[in-house]
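Quick one: this structure, given as structure tokens, is what I'll be asking you about.
All chains are identified by letter, namely A, B, C, D, E and F, in their written order; residue positions are counted from 1 within each chain.
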Amino acid sequence: MSSIITSRIRQRQIYQMIASGKRLDGRGLTEYRPIKVEMGIIERAEGSARVLLGKTEVIAGVKVELGEPFPDRPSEGSFTVNSEFMPLASPEFEPGPPDENAIELARVVDRGIRESHAIDLEKLCLIPGKKVYVLFIDIYALNHDGNLIDASALAALAALMNTKLPVYVAEGGEIKKTSEYMPLPIKNYPVTVTFANIGDKMVVDPWLEEEEVMSARLTVAVDKDDKICALQKGGGGALTPQQILEAVQIAREKAKELRRLVVGNLG
Amino acid sequence: MSSIITSRIRQRQIYQMIASGKRLDGRGLTEYRPIKVEMGIIERAEGSARVLLGKTEVIAGVKVELGEPFPDRPSEGSFTVNSEFMPLASPEFEPGPPDENAIELARVVDRGIRESHAIDLEKLCLIPGKKVYVLFIDIYALNHDGNLIDASALAALAALMNTKLPVYVAEGGEIKKTSEYMPLPIKNYPVTVTFANIGDKMVVDPWLEEEEVMSARLTVAVDKDDKICALQKGGGGALTPQQILEAVQIAREKAKELRRLVVGNLG
Amino acid sequence: MSSIITSRIRQRQIYQMIASGKRLDGRGLTEYRPIKVEMGIIERAEGSARVLLGKTEVIAGVKVELGEPFPDRPSEGSFTVNSEFMPLASPEFEPGPPDENAIELARVVDRGIRESHAIDLEKLCLIPGKKVYVLFIDIYALNHDGNLIDASALAALAALMNTKLPVYVAEGGEIKKTSEYMPLPIKNYPVTVTFANIGDKMVVDPWLEEEEVMSARLTVAVDKDDKICALQKGGGGALTPQQILEAVQIAREKAKELRRLVVGNLG
Amino acid sequence: MSGKVKLINENGLRIDGRRPNELRPIKIEVGVLSNADGSAYIEQGKSKTLAAVYGPRELHPRHLALSDRAILRCRYHMATFSVEERKPPAPTRREIELSKVIREALEPAVFLEKFPRTSIDIFIEVLQADGGTRCIGTTAAALALADAGIPMRDLVAACAVGKVDGVLVLDLNDIEDKEGEADMPVAYMPSLGQISLLQMNGTLTYEEFNQALNLALEGCKQIYKLQKEALKAKYVAIKEEVETCLQS
Amino acid sequence: MSGKVKLINENGLRIDGRRPNELRPIKIEVGVLSNADGSAYIEQGKSKTLAAVYGPRELHPRHLALSDRAILRCRYHMATFSVEERKPPAPTRREIELSKVIREALEPAVFLEKFPRTSIDIFIEVLQADGGTRCIGTTAAALALADAGIPMRDLVAACAVGKVDGVLVLDLNDIEDKEGEADMPVAYMPSLGQISLLQMNGTLTYEEFNQALNLALEGCKQIYKLQKEALKAKYVAIKEEVETCLQS
Amino acid sequence: MSGKVKLINENGLRIDGRRPNELRPIKIEVGVLSNADGSAYIEQGKSKTLAAVYGPRELHPRHLALSDRAILRCRYHMATFSVEERKPPAPTRREIELSKVIREALEPAVFLEKFPRTSIDIFIEVLQADGGTRCIGTTAAALALADAGIPMRDLVAACAVGKVDGVLVLDLNDIEDKEGEADMPVAYMPSLGQISLLQMNGTLTYEEFNQALNLALEGCKQIYKLQKEALKAKYVAIKEEVETCLQS
């Protein structure tokens, strides 16, 4: 009982501050929490990265296998994005297969990478129609303090940039692994910027308490050329066209900040 | 509470009328509800049909793939029948994998088709031991007002009769799809006739309220030569040998009516 | 309520008797219940055995298939051990996939067989890298009156000793089954000896009521050369190093008794 | 069914030497498992089947309980090694269907209304399958129910009839089932004169069906007799045990 | 996307002859299923979709119920035969995601607070998929909710917009979706002026996005009109039926 | 194990340069996650493992709760990328078994009876596996329990011992585990003098076993010391933080 009352008071505080252009944790409406990106933290994975977004913590790993291409893309490698909300990350998360939230997150991250053509899939083909590189991008939420999507998209991009592909050589129709590695060919650097709609204001990078009071969420994936490469509205509320247009504009600016964290001068 | 009482009164009414040779909806004991069969309603499927049996509505689709034959039948194509009771069809149906009722229904429909050799499986072989046509007959219940089995068996037969097989040609050991289609080779026309045992009377084509009060169910599949090609007793009651023998006799007559609906002059 | 009281009285009795070196069923602390081993009871299986350990009853069957070897063991056959606690064996067992107890049992039995190299896997290779014998050892608990592990390990060993492999011959690159059979090549005879810790005493072969009051369980697998080839502590209690060392000593003696039951003079 | 096997020889005998209307040798034991409330084991030819009953017992989850009668539940399950090719451990669609029809074969025989809010659970394990396992499972389960002391209107005896090489035969074995023209399992409550399980695969004319049904009922009656003897044997055994105890 | 198909011809028309801002032919029926509390069927081009609503009804398991409002649940499901290659029966990740976004598209339109402790269940069955099924499913589900008599703030009308051969087009069909440069489904509540579903695949500049959004809203408004007509048609039909009854 | 690797060199040193009775470098951090009630992170050689504890907390479903004590639950889980070949996401039989033995290794250390009707949930995530992850997971979980403030009889420290090239060695890495002759993980409560986890793969004579057990206990005692230092470090850090707050 008392926790609900507290929470309502807290909720009102969050609303009132945001209405006046501020946030409970001192940030401005379009300000991200401090972000830390570490690459190459899992030596066993071909690529990996850890992202801290405030207290939100996410780890992404890339494993590379050989496999067959999809029949409609015989000369392209392939990748899949999976996400698991580990039960250690939040009292709300349960063990078991990914729920709709984890699936949605993985599919939004996937779309950003896929639609911006971030990975040069044509360079991942070893024998057309037969053997291609297959990438598994697995994202684990380790601590959930809000905005897992942006942290995950950033971790996935960083892990891809960190990925080394084992070099194979063709030998008499067979393919052989060498001891050499080459970097994964990357063509684009998509990042996502997520907004929460709280009392008609769109705030960037919502933390956990803001997510609990937001009416709707909007994620905008932006590529290196400032193009929008994926969108996803979430949550049980609605947004006006004007809110969406403004958010997309802001997202294009914020995306540059985020991209710089993993790409540095490249971006 | 009131619904239970109503239902008991209703139950008694159903019993009393049936005891006097009539039914609450005005039908005679061996009379089917109005039946409507529409074929070819799903252009994406190689075959399809929709059956309305009173307010009971069922849709069946046939998808054709190429696959390997079973090792013990190297020169025959194969087929499977699946059934799902969609949650939109009844407040009693839950989302999820098929339960024992849906599985039983699919297996009864399968037996009627298989045992009557309705599909000429030997003509579905492209390369013996290697490549055959594989048919998936998927049946969805869309509205459940009783006697899903007969509606499903009829929909499956109609969908099969509506099925067009893509024609393949052999080219240098490989097999290639052409743009041509041929009708599925059909050898027999099995239909099922289902009875409910209510107060020792066997009534044909029970609707939902009759199914709720019946003690046992009997399904008789009959082929084009008036032979019985599958039987299935269901429900937690029992039947006398005499009841069964009489029902089988009636089934052979009713089967002709049903068959005529899909086969027309062919049957 | 009364059952809990009874059980507490019973529990105390079990404790007190064991403290004085006796057991409620009259056995000494390191004494097994009467054991009966029957081999070859399932003609359909390539090998089978039934073990009665007091009232505990377990059946093991071996099925043989051909398959591909594991990439890292191209010239060895393979085997898996599965265990199911059938719901008919105990009011505590539920239908469904194996739970952690059944999985643990299967893995302990597996380890005893694998680590002692009981099966000569190199002799199970037909074409290196391509075709090997694959063995499925399936263990079903039929009646659970305690110590399913030892009964299962014994049944698995007996079923393996009873196993006949179909003989295959190579014919022009293909492999053909003949009508002949040969015995499975066995190199070692592992058995397990399980202890329950009850009031600081380690008792051998606990029956059901003892399992219910034990604080911890220790299983020791011993091979034909008196070597320890697997260990597993179970249960929510702990053991002193001294208890473990003594139990392992006793296990080596008891293992000889058990082995004699299936191996006879061979062991 | 290419390279077709001859299933009836020139003397009218079947592949295992039986006459058309002859059952396979049947061995029945009642009360074979100590934990179950009731149990039975049947060997019929090479088919080997175990059935056990737990209950009436408290039902979990509770909201499934009925206020006016017990719920009967049944699981028919085949051991992976019971058949020629190893059966995968997960329940097949066939096992799910047979669990349902066996439950519905037994339901009319049990006074479920005597045990409201409880469940009666039947577990059938096919250890070796050589035809007829659903019937044998039903026969064994009926005995296990009786052994558990659950009041019944009648026993349920089950037997398949089939058509092989054009001849109606009783109690099919595996080859007859697979290679024959029809297979029709029937469960019967002889004292009540009622059929509680009826399925059929294959094709039969009405006349054949009529004869087949009668042949099946004859088979069921023979099995019914064996069921009663097995139950009697168990009570004699118990009585003797008790008397031995009392005398010693 | 190799052997690229030409999707806009020299006259600026699309592969099925439509102008860029033209919807496909739409057929809407309301109240098509007798068991459901509300239902609707939509054919839009070759896409065929059925939606049904059950509720407000008691929620199982009960501990999921909310004391201050109803729970809205939604299952978007595709028939195995609705697509070119048979879809396996188990729910795909795509179906799970779309079930979520459709539920969240409808949620702001429903007065959930009027039905505490209950659930309102929406089932969408795609019988044939030729592009736009999440939008058509949303449109149909909104009608099914209205047909079930559930009080709503507004209807929800949904429509995709996309970019093919560099041109922004309305209401993509399957080829345009697969071969085009962008696909953006939008759900809109026209009277409220609010967007409740927004997704995008592909790449768009900000200017393109701005235009695309406006085009989508125009499409939604047209569909909204058709929704209202379909609801009216149903009530007229009912009224006539009632009057016929009264007269006869 | 063909092309056998040499695991002990001519100087008696191991493949990573360690002496037989030497642990790998160990880095321990306590309280690394903000949401969990307690947590710990351990790097031991190249193995990297995270453990978190939630509880005591209300148990769902409630009927699993015990009236006289808390239920301890444990999930040991490996990240798909933690091993050489990607591990499929679904729990393997190995993970299910290890979840059980780790839970049973910790259970005797926890005063479960102080928290009736609740659950204490332990989650162990192996981020990178290079041998010894069940022991490292147990060690980390014991710290997470302590960090959560759950009263304990003792910490649990775990360490494997094994036999490679005929030599008993402490704290096996992955190659030693895979190529060696035996692997024996042990969990120990040093102050209580009790072993709560014991498993063994491989073959050992009685004498070898006896020595191996003693070596393992020595390893556990060293780890125990590191555990205590890590806990102390955390409380010092907290204290300093508090003091800094008070001063500012």
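Note that a contact is a pair of C-beta atoms (placed from the backbone, for glycine too) under 8 Å apart; a residue touches a chain by one contact, two chains touch by 3 or more.
In this text, all values refer to a predicted model and were calculated from it rather than measured experimentally.
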| item | value |
| --- | --- |
| Topological distance between subunit D and subunit F, in contact steps | 2 |
| Same-interface partner of B-E, chosen from the options C-F, A-E or A-F, over half of the pairs matching | A-F |
| Chain centre separation (subunit D, subunit E; CA means) in Å | 52 |
| Computed distance of Cα centres, subunit D from subunit C, in Å | 31 |
| Centre-to-centre distance between subunit D and subunit B (centres being mean Cα positions), rounded to whole Å | 28 |
| For subunit A paired with subunit B, centre-to-centre distance based on mean C-alpha positions, whole Å | 48 |
| Chain order around the ring, beginning at subunit A and proceeding next to subunit F | A, F, C, D, B, E |
| Contacting residues of subunit C [partner subunit F, same complex] | 100-101, 103-104, 106-107, 111, 115-116, 215-216, 218, 223, 226-241, 244-245, 248-249, 252 |
| Subunit A - residues contacting subunit F, complex | 41-45, 48, 55, 57, 59, 61-63, 65, 82, 84, 86-91, 95, 97, 136, 138, 140, 142-145 |
| Footprint of subunit C on subunit F - complex, ascending | 72, 93-94, 96-97, 99-101, 103-104, 107-108, 184, 189, 192-206, 209-210, 213-214, 217 |
| Interface residues, subunit D side, partner subunit C - complex | 33-36, 39, 46, 48, 50-52, 54, 57, 75, 77, 79-86, 89-90, 121, 123, 125, 127-130 |
